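Heads up, the next two complexes both have subunit A, just with different partners, subunit B and then subunit C.
Entry: the complex of A and B
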């Protein structure tokens, strides 16, 4: 089992290495930060001077090695404009994004699971069909559209909630719904089909035959078994949430790393972009690692298979 | 009026009484009776065998008695357990309190009937605590005691095991322990040993008998195997097409069956003494296509006009003798004369036949995650022209590997596999194509080995096309010939696999295997997924093919009775080793290896002389 964990960890680190490399080259091959930053009529000599100052005139390979050299010492580079460390700029935006994505994640679980279970238990009835219809609508709506729709409805028309801001708990409502609805819909569908499969398993019939009540069967036997495969989907969900947060933060002017990323890309602040991408990539990769490890905790069959088999 | 909540006067001497039960499946306007007018009675301490082939309604009857059928099912008639009338439509809560206490159930696939992600100790403890209303601590003690009572090896350690860590037999012991948790007065055992190896089966059967003696619970034992019935049951009810056609004591039914179907079932059973199973022509009618008269009439040799139009009075499975037949059979089953022996030893002056397939000190390794696994080793055996060689053994004994070595599906890791003096070419090599014309496989599941989207006819012709044999007209003619020699009517050529029965599918697979006129047919559990009456007919077909077409057969099976009825030679496998090899009758009469004797002793047999023990401790 330890071997399994170590192998997973090494694979995770390798993925991160690939991400850093990919982002480094893509950013440098798609445009020159100096010309993007300075007015169009700037003297080319000044541009060259700036490039030299920031080390952009050296061969790409050298820049790449230097980047790694600094990175391994915890230096993510500085922003070109104000010269502040990129990591600092990103770090002050992380809490807002965490607040948004974690709340949305909770929303996904709290809304998705019960809806899925409820639909499965009432399979084929009007309840089931209603939940499934809502679910299709849920993940078909692009989230920026849903966000605008919510602002129009709740802020402009009904004047219940402010359209932007991040100081109060109620500021979270619209961004969280915008960000989490698609995920909740996917989870509801997945939990439903997983539950239906489990409810047809021989061990459920055996539980009924020994007098367990339907409620006990659903919550103590069927749900734990049905939840196992949904963990994989939950891992993917972390990625979807981070991706979705870029759009959502933009729509609601939420001061997180999503909006920071948009601003930094426009301004070609290479170090900032690189840092944001690395942090998001790292959180996705570690979420998947967490999923793999969670399987070991939850599913005894995997625990033993990875302990003895490999 | 008696409300459903009201408890009946407890009748502990009769934990199950079913009268006039009809169970129908209803979807929309469509309604179809699956079980019709069934009456049964089980006394405490009695084991009633509920016997019949697939689709006869045995399992549905049991599920109905526990109220386990879903909302799409409708029940008429009466089902009464020791204290509760199930047919009074008790509430979900009342039903839950009945299950496990008044009646419990065990299933065929025990490993799939336990929660896969919970330790068995926990599952058992929770069930005990709930059904007996004791604390978790006490329940744990009781759980341990129950595991001891079901003779589980190392019960303390097993409490901490998950179902996937136990064997099928051990899981069935756990299921039985779970079933005993609520001290039920009745146990439904639905084919509890069908998926198990024979030696394990005989242990579980003994266990069920001794628990019955100890607890005096009544048992409804559902099975299709009359040999098992003879071993464990006191009385028998035979079901056919949703009805009970005959019932009586086990001795009477086995020795003097009165319903032609019961006789057909008994005659279909292969025996250790070499009775050649006869089988029943035709197939069980689908529930919505049952004839107005006796459902067995279309398959019955004795059927007369009356049988087709009128329904004979139903038999009652109450332990008393009854038969639902207008023209019941009389007298004993006349099986006194020694049956035809499949084995004829060659006389000395006959020429020694050519060796077709042989394995010489062969071993086979499989790659697994933890390295190489040796499936078989040191196997030396040969198949001569005209031989019918049975390879028998329990699951994991390596018997299928022998087939794979002979077919070139797996390479030998040591030693050699050869066909007519040359090494067996590996599957995928160009030499294998020619080899495949001589050696063909008949696998276990005919549905899986037929293309669901191609007609039977085109699949039978396919080998001829692949090998470029004959013109189109010639292939057509050969197809007709093949269908006939496999006992199928030529019209079936245009059907798809899902449109014909399992037995017909297996015949089609055999016809396809015969297309290239092979010398050897390798049958890997070729009849294991078929009903006994159908299995018997396939065995008959194989015997005929052997006789008519000089076919040599390798018959891989777990059923020693089949080996006896079909084969001239037997190879006994155990844990990858060949433990005994020889001619069939001498080996069955005087096995040399103790394992062979053990297998023979474990095999339930309708002809066994030691009669089942009846109510030993009354």
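Entry: the complex of A and C
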């Protein structure tokens, strides 16, 4: 088991190394950052001067090492426009995004699980079909359109909620539904098929043979077993949420890193872009690590399997 | 992965009659979805000829007309006009054309490149395979939109070819994983080795013998990937980092409409519904296709 954990940790570090390398090469090889940032009619002498100043005239290997050296010291470069450290600009946007994504995550679990269980228990009935129809619809509804629909319905027509703002708890309602609906739909579908699989397993038949009530079987035996594989999907959700928050934050003018990223891409603030990319990648990589480790805690079979070297 | 008898799968695909029988036997909802997709494809191909007006023609006296209204110059606007008085139906057709163009070419590009990467991994094994699989894992652990945005940040917006390739590249790692995995199991079946012993070259073995056998799995992946490509393109255009004016995709159209929800809901509503019904139809047809092509998995369980 220790070996398994160490292997996973090494893999995590390696992926982080790949992320940094990827960002470095995308920023250096797909174009010249200096001419990308400056207006097209800038004097070539000024461009050369800037290149020298930023160390872009040196060999790629040297730049790459220096890049690592700076990153490890927490230096992600400075924003081009106001000269502030990029990490600082990003850091002040993180709480808003965390608030949004964590609430949306809770929404996904709270909405997705009961729907999936309910559909599985009522398999083949009208309830099942209705839930699955909602699920396919929720999954196909692009979140930017869902956000606009919500604004149209709740803000413009019914005048229940303000379309913009982030100061009150009720400001969270529409962004969270926008961000979480697709995920909840995926979870509902997955929980349903996972439950159905478990309900057909021999040990469930054994429970029935022993006279357990159907209710007890579903809640104490089937659900815990069916929930295990959903952990993997929950790990994927982190990526979906981060990707989705870019759109959601833009639609609702939410002051998080998603909207910051779009602004930075449009303004070509490469230091800010790379910081956001790395923070995002790091959170995804650590989410995957957490999923792997969570399996060890929850599923004893994994513990033994990994203990004997798989 | 359990897989149907290759000869049976081959027979099914080669027979148009069986395919038609499957379509006729499909549920009503699938038929409706197919009908919608056929209509969208028809519009995408013929947009230039069937649009009633020039999609860029502004008319300041006919601004924000509701659907079915007649403009100042006596022009009829079935879906109304936008904030510059441009005919929404014409803009919708033009946007459907561009969105479909990106989706079709992008998906095709991603499928071909991704599958080839998988073939290369399976053909060479060893360190080539290792490197490719590390990249596949890396891609699977990053939201693609973040990668696309960082490339756009450097290259700038407005390069349409780059954008199509970028959007299409989404999901390459899944094609690579499928084609690699299924090629490896095909090699184990022995028929590939047998053909090789008969003197067939690498390309012949892969294109003529392995590809037809794994095509069903790749087609299923395309049906999953296609709506995702549409959503990625429209989201990026919606965010202003995708298709740039004067060209317009459904995402651009929707983003203009956002500012006019209060007095002209149709500007956002029409393209939004077009995107939604298209992705929904693709999901429905895709689900159905999966059941037909792969008898070992059925959505009923």
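The rule is simple: the second predicted complex is superposed on the first by the 274 of 310 C-alpha atoms of A that agree within 3 Å, B and C clash if a C-alpha of one lies under 4 Å from a C-alpha of the other, contacts with A are read in each partner's own complex, and residues count from 1 in each chain.
Convention: contacts are C-beta pairs under 8 Å (C-beta built on N, C-alpha and C of every residue); 3 or more make two chains touch, one makes a residue touch a chain.
All values derive from a computational prediction rather than experimental measurement.
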Practice problem: Judging by the criteria at the top, classify the pair subunit B and subunit C on subunit A as clash or fit. | Solution: fit
Quiz item: Given the touch rule stated above, what does A:288 touch, subunit B (first), subunit C (second), both, or neither?
Solution: second
Practice problem: Would you check which partner chain A:193 touches, where first means subunit B only, second means subunit C only, and both and neither mean what they say? | Solution: second
Quiz item: Looking at the overlay, does A:228 come into contact with subunit B only (first), subunit C only (second), both, or neither?
Solution: first
Self-check item: subunit B versus subunit C as contact partner of A:59, first or second or both or neither
Solution: neither
Quiz item: What is the angle, as a multiple of 10 degrees, that the CA centres of subunit B and subunit C span when seen from the CA centre of subunit A?
Solution: 80
Exercise. Give one of first, second, both or neither to describe whether A:140 is in contact with subunit B, with subunit C, with both, or with none.
Key: second
Quiz item: Between subunit B (first) and subunit C (second), which does A:212 come into contact with in this model arrangement: first, second, both, or neither?
Solution: first
Quiz item: When the two structures are overlaid on chain A, which partner does A:202 contact: first (subunit B), second (subunit C), both, or neither?
Solution: first
Practice problem: Scan A:83 for contacts with subunit B and subunit C and give back first, second, both or neither. | Solution: neither
Quiz prompt | In the superposition, subunit B vs subunit C on subunit A residues touched | solution = C
Quiz item: By how many Å are the closest C-alpha atoms of subunit B and subunit C apart after the superposition?
Solution: 6
Quiz item: Can you pull the subunit A residues that subunit B and subunit C both touch?
Solution: none
Practice problem: Using the touch definition up top, name the residues of subunit A that touch subunit B in the complex. | Solution: 201-203, 205-214, 221, 224-225, 228, 298-301, 304, 308-310
Exercise. Provide the residue numbers of subunit C that touch subunit A in the complex, in ascending order.
Key: 134, 137-138, 141-147, 149-157, 227, 231, 234-235, 238-241, 251, 254-255, 257-258, 261-262, 265, 268-269, 272, 275-276, 279-280, 282-284, 287, 301
Practice problem: Note which residues of subunit A are touching subunit C in the complex, please. | Solution: 14-15, 18-19, 22-23, 26-27, 30-31, 33, 36, 136-137, 139-145, 148-149, 151-152, 156, 193, 196-197, 200, 239-240, 242-243, 246-247, 250-251, 261-262, 264-266, 268, 270, 273-274, 276-277, 280-281, 284-285, 288
Quiz prompt | Parts of subunit B lying in touch with subunit A, wherever the complex brings them together | solution = 66, 68, 92-93, 96-101, 104-105, 107, 109, 112-119, 127, 130-131, 162, 164-165, 175, 178-179, 181-182, 369-370
